[in-house]
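One chain, subunit A, links the two complexes that follow: it is found with subunit B in the first and with subunit C in the second.
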Partner chain A sequence: MPKLKNSQIAALTLLALPVLVYLALYLAPLASIGRLSVDNGALSQRFPALSARFGETEAPDDAAAAALLTDLKAMARTERAEAGRLFNQELGGMRSLIIDTGGAATQIEPTLSALTAFDPRWGEPAIWEVVRRNVEPITWRHFQRATGLKPSAEGGFEMSPGDDVYLRILLRTFVIGLQVTALTLLIGYPLAYAAATGSRRVQAVVLMAVLLSFWTSLLVRTTAWVVLLQTNGLLNGLLMWLNLIPEPLQLIFNRFGAVVAMTHVLLPFAILPMINVMRTIPAAQTQASRSLGAGPVESFLRVYFPQSLRGVAVGGGTVFILALGFYVTPALTGGPGDQMLSYYIADFVRRGLNWGMAAVLSIFLLVCVVALLVSGALLRRAFGWSRSSAASGGTG
Partner chain B sequence: MLGHLKLMAVSAIALTAAVQSASARDLVIAGWGGNYQDVQREVYFRPFAADKGIGFTEATYLGGLVEAKTMADTGNVTWDLVIVEGADLQVGCDEGLFEEIDWSQVPLKDELIPEAVQPCGAGNVVIGTGLAYNRDTVGEAPTSLADFFDTVKWPGKRGLRAGPRFNLELVLMADGVAPADVYKVLSTPEGLDRAFARLAPLRKDLQFWDAGAQPVEWLAANNVAMTFSYNARITAAKNEGKPLEFLWVNPIYSIDAWAIPTGAPNRELALEFINYANDAARQAAFSTRMPYGTTNVKAPELMTPEAAAEIPAGANIETGLFFSDAFWIDNGDAIAERWNAWVTQ
Partner chain C sequence: MSKVVYWVSLSFAFFFLAAPLLIVLPLAFNDSSFLTYPMEGFTFRWFGVFFDTPPWLSSLANSFKVALGTTLAALLIGGLAAMGVMLLGRWGRIVMSALFVSPLVIPSVVLGVAMAYAFGRAGWGGGYLSLVFAHTILAAPLVFLAVTTSLMGLDPELDRAAASMGASRWRRFHTVTLPLAMPGFATGALFAFITSFDEVVVALFLSTPQTQTLPITLFSSLRDRLEPTIVVVALLLSIVSCLFILALNRLQRRGAGR
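Now for the complex of A and B:
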């Protein structure tokens, strides 16, 4: 092994810290989310006898009933309650069935008929199907519920109407993200242009305005929009005072309110990268194109704009990806039809205590963002939108 | 390198010291925020802490069991007391997330309504949930839950608590189901269909709130024409001069209970607090300012007749429905799934 020089040791030591931080703060939680999405240990580990029984045959018979009772007897009261709650996520009523059966397990004879006599639901194949599926260590029930795809009797997948709810919410999340991105770019581009090319005073004013809003808490800015847009809010008051509208408009608790507030919150993330790129575009190039006979519009479109696209891409990309994870702002300014995937992730964690579903929905979002970044990179390569070609496209 | 080791050793010692001092920490109480918790602080937290000569810290709780579950799983129990809804109390108790209450240590037990004496919790506050409106902007005052659905006479948004709980019961009562039959109807697929069908024409007008303070703000700002809300938040706002009204027709009443997360460092103190909070005079003082119901049967006698007329008790809940924790514990997941799908249509 070649001896490392002191400087190399120092470099490696310096590198170790960020790598460890990255592993601990990013990859480890990600791995645990991945595990949560399919892990069924909380159930499977508590049903060893039943699990072994189902390994031999799937039929709910006397042996299966005996195994079930053995497992229930071995569990503590609190463990039965948790197992019941997890079953209940798949089929309503399972919780009380497990708790009641478990509580009386010592008095029930280990036969299927005795079990069915205790509670007739144990005679239903659907109940046994849910039990059988969930004593396995890996579960796909969260993925099935999130995609709406259920295994059909023929071996393929089927989707019942209404089961695509989370796919539709995912689509909505992307649509809102795109709406917000488009708006921030439309509003941000002229502002960034002014900040990059205007007089010293204009630059200072625009930058100050952008940074002030950047430094203000997200909640404060969101609440400010509620005050502005609500029924008796400032905007409606102004419009009615000007006699432009006879009665207040619904500006909040709908898509309009959500998109406007999100656009404002995210605007600095679009403007700042655009300013950075625009400042690197030499003013002499635009002047040269003008002196060579191009009008202001042609000169802007053919010389300036192509070179600024890199900033647009960075700003727009940042806004879009940040927008996908938004939660508080649409919750306070949007309606029920404008809630994004994060709202449902939080809802599953908090109200449902269903961390499996929350994990699956988080993975959905992550996979989509990664897919988008990858396809963006591929597109850029296909169209040759690299730094040098953008510059050459501008000058050529 | 030696310097680094020293630094690590010092910080490790500092960390241990911090953990140790946390065991002798303040009593940490989690409540529902807003004016509800403000009044609790005045009537219960502050006097209790002063009596015991201890400090207290407050946290805000938004419902559910996520904090209790995390505390139990990690062993890092940061709350000593939390006021929870009945369904969460039951589930948390069954799964060992809350300490079992040693009722022999609670001398005031005999003065409580039977529903307040739970294995892991002490019912402290009776919550009324029903229709609320702004009398200045509503026009003609609504007189029944059915008016909530009349968007011709009362156009505008309708506020609902997020999720199906409480809402489906109120919808069925608005549709003419007697309070005694609500859960019977809701337990059948046809009954569930009926509730969703009754709500369907309102779908575009609904706005969901997560915190109990939101419907009060929305009504005051005229952002919604009517809303379902907790009674005392509305009445407390009314007593502060806001033009809000709560309709005592077919309200739902439920019980919020104090519970102690399993392994809470101050659990003895927390148990003393539970006894303290069930004192008739203190409950009367609380309900006079925050007109939720009392669980101490002697408390209403200690209130003025005017104040007692505002709480979910007696005549106010004659047409009311007692919220069923058991129904929602068993059916909550499946109905919430359908609710989400319906909202997202």
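Now for the complex of A and C:
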């Protein structure tokens, strides 16, 4: 089959560059997140012999002492100083211990007793514990910190109170996501209904407004809310002018501000899938139910609404998944208690340069999003919903 | 009664959707340094502030540079990917399409962390190049979708007709398929440009003071303090979005008239 082969060669030629670019600029960076999440930092690369020794047994014995001295001898003085500084961040006093031991490494016999004789601190299990934890090639401490779960003495996991900070933030992310989803559906439903069933002019006006909003920068729409909701802002001014409130309300930098602004930003993503589904519902069905004696409310609730639920599910799912990853809008309109997972990911990188924690929290977020996408696809299959009408959310 | 409920909820929803920008954007012309109504007179002086105060103008220039670079790169990558995927069998097409579209569903903070780390290690940190690279990954899926849509809409008979008259594969491609798919490339280019021009999150991780784009400058000023220049920037960005919608509309109308 020479023809098939030709087209395969053509496909490979065309796809080579895009695949390479995706590998280098997208897949490799994503994979580096996985490595970062268990990366034990600079110390793990400096102590190869000791790290290998601890791979066999964790007890500090003569072999461990010999491995430690081998590693210290292999390092330059500046490298020992740097290692000492890193250890000192874990436990005070270790800087001098590492530097002194390293300086005398050639004179110390490679046994634990000789090492303890040189400096009695090498007899303390706590010192060895810190050393062991830091020279291991991979670490689970970022995962332990993020989940609050620590291995317990009995072999299971234990959680001390107050350690579940990041699980609470994950929960908060879900709660805000649900609040925003519920509001976008409530506000979006009448708009979608009007855009699908209203008169020509109503349809055109509503659709234009939705598309304008959809394509206006998220940051611009967030800016509008920051201006509207400030303490001396337009909304407070209006409410006071109407004598509804005696003094300005706190409308921004709290949950209200974050949820309102996010609802506005995500509204088009709820509306567009609903419009797509509602346009497929034949008007004749509603008319038929009316002619058979149903009132307008009954006809809507029993004939129209159930058929529109597919659009509600797709729109709501899209909004919820997008909301989980939101960063800019809550950062500008929410308070410290309304920040979502993305905020802490960005914070770990931008402020602390703690790539390990940023990577672990990124994995949390990614797992949630992928799990939701997969369950959405399974649900769609279970209900027998077609792909074509559901996939149009993002393209407008 | 039900009619009243419908119209009240519709009006409220429409107001919520449309009013914020319509109320806030005119304040760009307000002759007062407070962002409140009633307006104290009409002025262009905040536009002057925008053009005279660094880093507004330089970040606007940066945004254009990055967005133009991104548009070209995303057209190349997304276009090649779309044309290549069309030649694959059913499963190849599903798997490769999923790969090429997947950056759209990854939360942008996650992409930001991943790229900031990987690009930093590769030594591209902070420059225009790293921004263009990152935005290309965000924009290529949109070009891919636009070009795929227009290639799928082509009549396969046209290609067969050209083949029956002896045109080679390459000749058919660049005299029949490519010109017919042009609207797809044009739509993709628009998507790519606006995606890069408006992008905030990944750029926050990658840009330096020298390469910071307009959304980044706007984001940091919003955190700093509110001044009318911010509304001027919002207005300028909205105008770019409106131009984008107009261009998109024209393209679609031309496509429909064909």
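Definition applied: the second predicted complex is superposed on the first by the 261 of 396 C-alpha atoms of A that agree within 3 Å, B and C clash if a C-alpha of one lies under 4 Å from a C-alpha of the other, contacts with A are read in each partner's own complex, and residues count from 1 in each chain.
Throughout what follows, contacts are C-beta pairs under 8 Å (C-beta built on N, C-alpha and C of every residue); 3 or more make two chains touch, one makes a residue touch a chain.
The structure displayed is predicted, hence computed values, not measured ones.
Trainee: With both complexes superposed on chain A, which partner does A:Y22 reach: first (subunit B), second (subunit C), both or neither?
Mentor: Second partner only.
Trainee: Which of the two partners, first being subunit B and second being subunit C, lies in contact with A:S7: first, second, both, or neither?
Mentor: Only subunit C; A:S7 stays clear of subunit B.
Trainee: Per the contact definition in the header, classify A:I245: touching subunit B only (first), subunit C only (second), both, or neither.
Mentor: Neither partner.
Trainee: Could you say whether A:N232 touches subunit B, subunit C, both of them, or neither, answering first, second, both or neither?
Mentor: In the superposed model, A:N232 contacts both subunit B and subunit C.
Trainee: For A:R351 in the superposed arrangement: first (subunit B), second (subunit C), both or neither?
Mentor: After superposing on A, A:R351 lies in contact with subunit B but is clear of subunit C.
Trainee: Let me test your reading of the model: by the given contact rule, A:Q89 touches which partner, first (subunit B), second (subunit C), both or neither?
Mentor: A:Q89: touches subunit B, not subunit C.
Trainee: Could you say whether A:A359 touches subunit B, subunit C, both of them, or neither, answering first, second, both or neither?
Mentor: The answer is second: A:A359 touches subunit C but not subunit B.
Trainee: Count the residues of subunit A touched by subunit B and by subunit C, then name the partner with the higher count.
Mentor: C
Trainee: After the superposition on A, what does A:L212 contact: first (subunit B), second (subunit C), both or neither?
Mentor: Only subunit C; A:L212 stays clear of subunit B.
Trainee: Considering only touches as defined above, state whether A:A194 meets subunit B (first), subunit C (second), both or neither.
Mentor: A:A194 contacts subunit C only, not subunit B.
Trainee: Between subunit B and subunit C, which residues of subunit A are contacted by each of them?
Mentor: Subunit A residues touching both partners: 230, 232-233, 331, 349-350.
Trainee: So in the complex, which bits of subunit A are touching subunit B?
Mentor: Residue positions touching the partner: 76-78, 81-82, 84-85, 88-89, 91-93, 95-96, 99, 145, 162-163, 165, 168-169, 172, 230-233, 248, 250, 252-253, 331, 335-337, 344, 347, 349-354.
Trainee: Over in the complex, which subunit B residues touch subunit A? Could you list them?
Mentor: 62-66, 69, 91, 94-96, 157, 162-163, 206-208, 210, 221-223, 326, 329-338, 340-341, 343-345
Trainee: Can you list the subunit C residues touching subunit A in their complex?
Mentor: 2-3, 6, 9-10, 12-14, 16-18, 20-21, 23-25, 27, 34-37, 76-78, 80-81, 83-85, 87-88, 92, 96, 99-100, 103-119, 121, 133-134, 136-137, 140, 145, 169, 194, 198, 200-201, 204-205, 215, 218-219, 222-223, 226, 230-231, 233-234, 237-238, 241-242, 244-245
Trainee: Where on subunit A does subunit C make contact in their complex?
Mentor: Contacts found on subunit A: 6-8, 10-15, 17-19, 21-22, 25-26, 28-30, 32-33, 36, 187-188, 190-191, 193-194, 206, 209-213, 215-228, 230, 232-234, 237, 264, 267, 296-297, 300, 321, 324-325, 327-328, 331-332, 342, 345-346, 349-350, 355, 358-359, 362, 365-366, 369, 373, 394-395.
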